[in-house]
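Both of the next two complexes hold subunit A, though its partner changes from subunit B to subunit C.
Coming up: the complex of A and B.
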């Protein structure tokens, strides 16, 4: 037996470096850290997130830094575009002519002062004459009707004369007073678009909360309870979901007074249905897992199991469908406002702004451009964010 | 299959009943009757009107009368337009809307699917990027913006298309394009992604390995499976086209159902509102049923009614 004794020199010290192979070189990441890491790599999503953040900031803070409010009217300065063609009268006097052939006093760098009072406004002779710093300025629009009838969009419609000689456009400047121009009632479009952003983001927030509280809980209870309760709850959801949601929303809008509160109630009443279905599906598959059994064995209440164990584990799909649901809520609000069921005047939402712009589209296309661009970019941003979240939270795509 | 369709029809009737009940009681919960005006009507006139439209009956009787009316396809008279019934409005408006909607759905199918397929087959090519960008934008731009832009560009500026009405084939272009815009973009995206997924499958490699011509591999083997998600989207798409027509018909001044619906919302014509809502609900449910049944035929993996 003694021969079996291992002598000391038979031992060999293992190289310490082999131990390093066992070391976990990467820091261990939680599910959410990992998702965030992958979301950060998705540039489009980050741009979307950044845009939403900036928009929210502007919507909340922007109005405080403006000289105007969303309801300030100035009929004298209606329909002034964001870029103006100005005429030079002399060194210090510049004018802008609006589409009604009326002159507005502006500065060379694009600040709007006030509308000028004509000395003579001859509607039969179709000219207006102004006196600006001792100069006589005449706006002659006798060609306007002939130009319109000729059908040629480039036909000459008017002439601006300074002391008898025609002058041409001096410069094209950006409007420094009203960045996005003004609407038909002389309200500042920039502030109104920001106000619209407030409403759209508020709708997005409401849709999120409703989805989260009603949709997730409804689906969670339905999925966890199972059996008859599940059957009844899901039949109710089926009944609601087969009819286009917009129909319900319009019905509700008719019954209550139109307004922001009503839109929020209407969207809140029906927009949780698809979320409930998704959550139920998730819960059905999660609830059979061992950790739920363990929790139940430990005596956790049904509510605790649902809220602390099941729903957090279904969070990935919930967040993805939230991000997908928000654009549709924003669309719905714009749509309702567009057909006249939205917020009350003088409040502005992107939908009402677009609707207001349609009537004057030929002359003032910029009034549609801004609200339309903002709706589109916002929806795009949420879509990008949603796509990124789906990729980031999907465990199958984990690398 | 038969029992499945039967079950679905039963649930369709229940859904419809639910919609009728909700709309009926919601409409009757509104304070003030349908004849409440700013200038109050004389009591006798109001009495006579209420008598004529059976508004003096107890609520449950009105409700059952209405149910019977719906069951016999009689949706009652309009309260705001004298001598016009809701049925008249639907009969006049529905063919117009259906033609527009049908064309929009058709456009989505014959444009959206091929675009998606081409984009998937030429993945990461210029065409693919172009399609992806257009499709991404298409989902983000609201239909009323597309419609007003079409009028602005093609009617006002270029004078190519009429800006309103439905007089010639040209006047269909604007409404149909703006009505299908969202769904077209969505279907193109959906087809692309599902095609890409299918092309990775082993059976496609097998088909190629057998030496089948590429056309057969794509057209016969890949497409069948790639189209399943697209067919699932058919139901929501019909709903989208349906509700989209509200604003499109308004913008293009088309005398369809959507226009009547929005008008009835505007002037609080409750019976018209109720009637058209129920009709829309019926139509949407019936369409979804048809899509679901068709789905069962197309995809043998789906066992209906089990």
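Coming up: the complex of A and C.
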């Protein structure tokens, strides 16, 4: 026992650097922090997210910065395009000629004032004459028929004469009064497109909420419970899924008034169905895995297993299908409005705007361009975002 | 075991189904050195292509009540008289006599044949007219016999048809060229009394210039020349293809690429361009008025002041400007097509009951205040009901905004499909409804007759015993007195403001330059009987 004594050299100081081996050098990230970090690396997704953010901001705040409301009509200033070819009459007077060969009083920088009243409107001689600040201005469109019959799109159709001599276009300017131009009733398209954005984003929100709170939970419960409960729940889903959405909407129109409310109810009753199926399938495959068994052994409640363990692990497919469903909901609303089952006039959604514009497509293509562009870009933005979210949220792809 | 069998059955079904797609291809004959076929110059088939628009509900003369069906029928059937070049000419009738008291018309029929070669007899007319008046036929237009004052009619012999009127009726003769008065063949009709005989090429027998050779639901109707028509030598076209293209933009595109020769609906947005640039674009006057009905049983529309205020608050000139179709503002309920006994245009002499432009706004505001709704305060939200169409929507949106700006009242818009809309309107389940009336004959009566108490087309529930009495009395009155009564009746009708006239229709159409001899009658019905293609 003499060797019991601890020798001094045993009390050696430990090198501090070895302690660092136990330190977790990477900052600890929560699940969502990590997802956000990975989402930020996906440029397309960030562009999509940024666009949706800007659009939401514009839809909410934009109308406050405009002189018009979505229903204001100015029948005199109908069908004015966003870019105008203007003619100079004198230093202070400029005119724009619309597709109907009628002159509109504008300013040199593109502000629209009012439609001018012709002194003489000769439909047979095919000319209109105006008096502007003491000058005689004649719009002569006698060439239009010959130009059309010649089949040459560049053939000369009309002539604007100032005091007897033809004048040419002075400048091509952007419309500063109506940024996106006006529609057939002289309503500002810019404000109507923003109003349409409100409706589309509202539909997107409703579709998301419905998918999440009904679809995911319904599918989750069905999949986890299994057996007879699963069977009954899935047959209900089958019944709902077999009736086409269009039929639902038409039937709902009989009960409720046509309008946004009815579309939201229709989307609410139908859109969670495919989500429920996807989630059920995922849950069925995950619930037999060891970590669920472990959770159950530790005494976790069914609810906790479902919400904390199963659904987060099924998040990948959920996000993917959500990403597909938001744009399809937006598109469904646009489609329903397009065929006349949508919002009531004078309210505007992108679908009704596009529908209104189709009739005049040959003469006023810009009226279709703006709503169509917004539909496309928004749907694309949601798709990009969904794509990125799928990669970011999938726990199996976590590095 | 059951499950296994089920699985087997499923597999079997799928396998069979997959084979269903593979139809046996007929073996192609292999010929070596095909003999040269001599070039035979085929006779040029003169085929007129025409867009009918939506599919007609029926093309049975006795059942039809719509203008598209009327266009088809006018080229397939022929009545006692026919309007050609704006003049009423004897058609199936070779001649007619009228009794001195203008009561009894005796028509002598010409030796005309049906398309199957049988002669057209007076019995065919008697059968057709009796059929329309039979309640079991449920003809929507049977009331026109009442408006024409037809009392009795009978076939005296094979070739003589006698009609007795209840009172002298100047427009009766013109109405014999209207489709409800056309003859039909009994043995043809019994093959489908609900109107299906008319769309069945095997059952349909006609007496007009063209017979039905093909009917493709939702696609097209093909008519071919009827060699048995009594003036078949004047019929130049071999076939007419009537397409059912609903969308105006599509129809215009088809016209501009030369696929269609005749179209009569085009987008309002394109009209100014077509007017300026296209020499095949025509705007013809039309005997019709576009108006709104106020439901006079609904509060606050039961108040005459409110109705007057609403009618005064709109700018009809601005509306027709936006419509771009050359329409005229309507200032009373009769179109400018009818003239009175002295030759004055009836609606002009009657004058304006509502402002044609926006000059009535101040008065309208005062009226609404008098009715108890100053600046629209406390005014309930009302609804405009219209049938789904771009044009109707546009007018409704303009009026909605005008009422909101000028009177401060809120309006919602509701659209329904045409068939549903008609039922809703007839049942009076509306507050403000879109209406339009195309006159059936050139007389104010075609408009005024609608608004008698419980009239089939009076959806307003408005009723006035004085008005009914005047119209009744006018039927037997001498021409000058008759028109004074009609003027007075219009006064009563317009003073009620149960109706809000908006504009007088025009008929815009495009006919390619190589089509000659086409015609639109004064009733705006197409007549291609003597048309030709160059």
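Here, the second predicted complex is superposed on the first by the 332 of 399 C-alpha atoms of A that agree within 3 Å, B and C clash if a C-alpha of one lies under 4 Å from a C-alpha of the other, contacts with A are read in each partner's own complex, and residues count from 1 in each chain.
Keep in mind that, in the parts below, a contact is a pair of C-beta atoms (placed from the backbone, for glycine too) under 8 Å apart; a residue touches a chain by one contact, two chains touch by 3 or more.
All values derive from a computational prediction rather than experimental measurement.
Applying the stated contact rule after C-alpha superposition, one finds that A:345 touches subunit C and leaves subunit B untouched. Residue contacts after overlaying the shared chain place A:182 against neither subunit B nor subunit C.
In the superposition on chain A, A:157 contacts subunit C only, with no contact to subunit B. Using the contact criterion defined above for the overlaid structures, shared-chain residue A:358 touches subunit B and also reaches subunit C. Touch criterion met: A:100 reaches subunit C, while subunit B stays clear of it. Shared contact residues on subunit A (touching subunit B in one structure, subunit C in the other): 340, 358, 361-362.
Considering their complex, residues 71-73, 75, 78-79, 99-101, 123, 126, 141, 144-145, 147-149, 157, 184-185, 257-258, 340, 344-346, 356, 358-364 of subunit A touch subunit C. Contacts from subunit A toward subunit B in the complex involve residues 153, 235, 238-239, 242-244, 246-247, 250-255, 327, 331, 334-335, 338-341, 354-355, 357-358, 361-362, 365, 368, 372, 375-377, 379-380, 383. Here subunit B touches subunit A in the complex through residues 11-12, 14-15, 18-19, 22-23, 26-27, 29-30, 136-137, 139-142, 144-145, 148-149, 151-152, 156-157, 239-240, 242-243, 246-247, 250-251, 261-262, 265-266, 268, 273, 277, 280-281, 284-285, 288, going by the rule given at the top.
Only residues 248-249, 252, 267-270, 272-273, 275-279, 318, 321-322, 324, 388, 390, 393-394, 396-398, 400-401, 404, 412-415 of subunit C touch subunit A when the two sit together in their complex.
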